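Labels for the chains are A, B, C, D, E and F, by order of writing; each one numbers its residues from 1.
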Amino acid sequence: MPTLHLVSRAPALAACLEVAGADDAILLLEDGVYAGVAAGHAADDGADAPPRSLFALEPDVRARGLGDRLGAGITIVSDAGFVGLVERHQPIVTWR
Amino acid sequence: MTNGKRILFLLRQAPYATCHALEALEAVLVAGVFDQQVSVLFRDAGVWQVVNGQDGSALEARTIGKVAQALPQYGVTALYVCGESLAQRSLCPADLVLPVTVLDDAAQARLLAAQDAVVND
Amino acid sequence: MKIGIAVHGAPYSSQASATALRFARAALAAGHTLPRVFFYHDGVHAASALTVPPQDEPSPQPGWAELAQNHGVELAVCIAAALKRGIVNDEERERYELAAASLHPAFTIVGLGQLVDAVCATDRFVTFAA
Amino acid sequence: MKIGIAVHGAPYSSQASATALRFARAALAAGHTLPRVFFYHDGVHAASALTVPPQDEPSPQPGWAELAQNHGVELAVCIAAALKRGIVNDEERERYELAAASLHPAFTIVGLGQLVDAVCATDRFVTFAA
Amino acid sequence: MTNGKRILFLLRQAPYATCHALEALEAVLVAGVFDQQVSVLFRDAGVWQVVNGQDGSALEARTIGKVAQALPQYGVTALYVCGESLAQRSLCPADLVLPVTVLDDAAQARLLAAQDAVVND
Amino acid sequence: MPTLHLVSRAPALAACLEVAGADDAILLLEDGVYAGVAAGHAADDGADAPPRSLFALEPDVRARGLGDRLGAGITIVSDAGFVGLVERHQPIVTWR
């Protein structure tokens, strides 16, 4: 079963991407959602790395005003969607 | 505005994941009612504090952008933001919730050097 | 599915407790069971009975207590992490001759082995880091 | 020289309190005066009277208390930051009908204005961040 | 060693500035006495936990390298370290306090994928 | 009077260096001392940036086993030396 990576701080996405498998899913949550902002030049992000299933948690995206600022290809999920990802993946790895 | 100490609040942390941003802004608001020369520099992830479109209710939290918008009413009008920090996040001044002066690194260096004290978040 | 949860961040200081609570509610709503939430590192502060939440920022604590009461979720607080952070129950208060206890009654002080036990007894284990 | 100090990190969870204490002692030894140490953010946890330090990791708290007693250093804890983190004195305990108080007697609960006052009343201001 | 769950502790934080490293290692030691397949991956700043020459007494703290050295005695012998994290810090295996297996990113990916659960610091 | 910059986490040195003046002093302390490690290829550091007065706090260096690992040109100071730096600089800016 593929791994689910939880990225809760933006700079941690880089480390996650180094070891995430091609079938793994990555969920950006808390400050990790900033890593999903369509990249300017470098900084907190890494969102233009190799394509994997990339998700972002809706309440975190909305609180931070990022609704229209996330890169294309990032799927917004609710808390229920988060639970669904946990059902379909193992193990769950947190990066902060 | 010519009395008192020159105090800069250096705000570098993104809002919501921790309460550093909120608590630091509360300190700035309090400083504003003292008779001091208070200024604020938003830098690095701290620029997210003043981005528009925030809605803290999604997290049952206060909207940090709204807290920041109160700064001028508390007499804190010397508001600066790091231009490079904005650019790295694909942001421009029109994306922010209140008028701020954009500074390059050299201007930030001069701003820091002119202070009596710097408080950070 | 049985899901284990670890919380590593303190309320307010970190979003971890609030995020974990939302996840826990969604997991229960989806029909999963949560045998135990393990509070470790600064996460143990969620168990303080002496906090006064700011008016406009609700504490996750009543939500945790509700999960314990209505869904049988064990709220387990690591004793080693708790003692050094001032989270103590009556037994520890007495042993260490402290002026008061501070543990909210919905939470239970446990040993660190219960973290490993929570990992072993569940189908998924999710950490909410500080 | 008058030096103001702010502490933003909790003992154990952060080195800030221990580093600040070492700095404070060195400053006093060099003949400086420390009118006030301001505990803000998670720094307020240094004022908990209910902590049990691990045997091999001493708490900075007795050191802070010694500075207050022997050098007249005011140990000022921000009330807003303290209340939401469960650091309360008897007055707040009563007002909010809590089961107990948790403030160590060497520390004083103050308003956030005292942070600005500490900056204004000193020649240098040093923040020990979390 | 073939019974029980495969549990990996992913340790990415430097020691001393916070107690995350110490508390995480204490959890690993406890896990070691359970009948599980426990492994540890030191990565990113977490590799500093196992560098030699540490002396916690300078900070009145426990020496984290010594805590890590106890891992094999508690039955935790599957110890891995990220090679790239070492190289970025000018470190090599000879700089570490105990024998560890150096893994490249692909091997770490396989290690993660083989776990039932991952606990982080 | 020049500024004293306190860098208490390694990744924060980069931001500090962007705005530090040529006469400023930089003191690495707590996890900031890792930024003083003689650089391999990138990572936490930035110690090979333009020359400024660069100091590191002795107890933090010793605890972390960095005594022989710091880059040349970094001066180790005691807590008393830290106080001396505070005397001779204003303001004091913390980067974490």
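Quick note on the criterion: a residue touches a chain if its C-beta (ideal position, glycine included) is under 8 Å from a C-beta of that chain, and two chains touch if they have at least 3 such contacts.
Keep in mind it's a predicted model, so treat the numbers as computed, not measured.
Common neighbours of chain A and chain B (chains touching each): C. Inter-chain contacts peak for the pair C-D, counting C-beta pairs in contact.
Here the spacing of chain B and chain D, counted between their Cα centres, is 25 Å. Centroids of chain C and chain F (each the mean of its C-alpha atoms) stand 38 Å apart.
Here the spacing of chain A and chain F, counted between their Cα centres, is 33 Å. Among the residues of chain B, those in touch with two or more other chains are 16-17, 19, 59, 61, 116-118, 120. Under the contact definition stated at the top, the residues of chain A that touch 2 or more other chains are 8, 30, 59-60, 90-92, 94, 96.
Residues of chain D found to touch two or more other chains are 12-13, 15, 41, 57, 80, 124-125, 127, 129-130. Listed by label, the pairs of touching chains are A-B, A-C, A-E, B-C, B-D, B-F, C-D, C-E, D-E, D-F, E-F. Of all residues in chain E, only 16-19, 59-62 touch chain D in the complex they form.
Of all residues in chain C, those touching chain E in their complex are 4, 6, 8, 40-41, 80-81, 111-113, 115-117, 119-120, 122, 124-125, 127, 129-130. Residues of chain F touching chain B in their complex: 2-3, 15, 18-21, 90-96. The part of chain A that touches chain C in the complex is made up of residues 6, 8, 29-30, 57, 59-60, 78-80, 82-84, 86-87, 90-92, 94, 96.
The residues of chain C lying in touch with chain B in their complex are 12-15, 18, 56-58.
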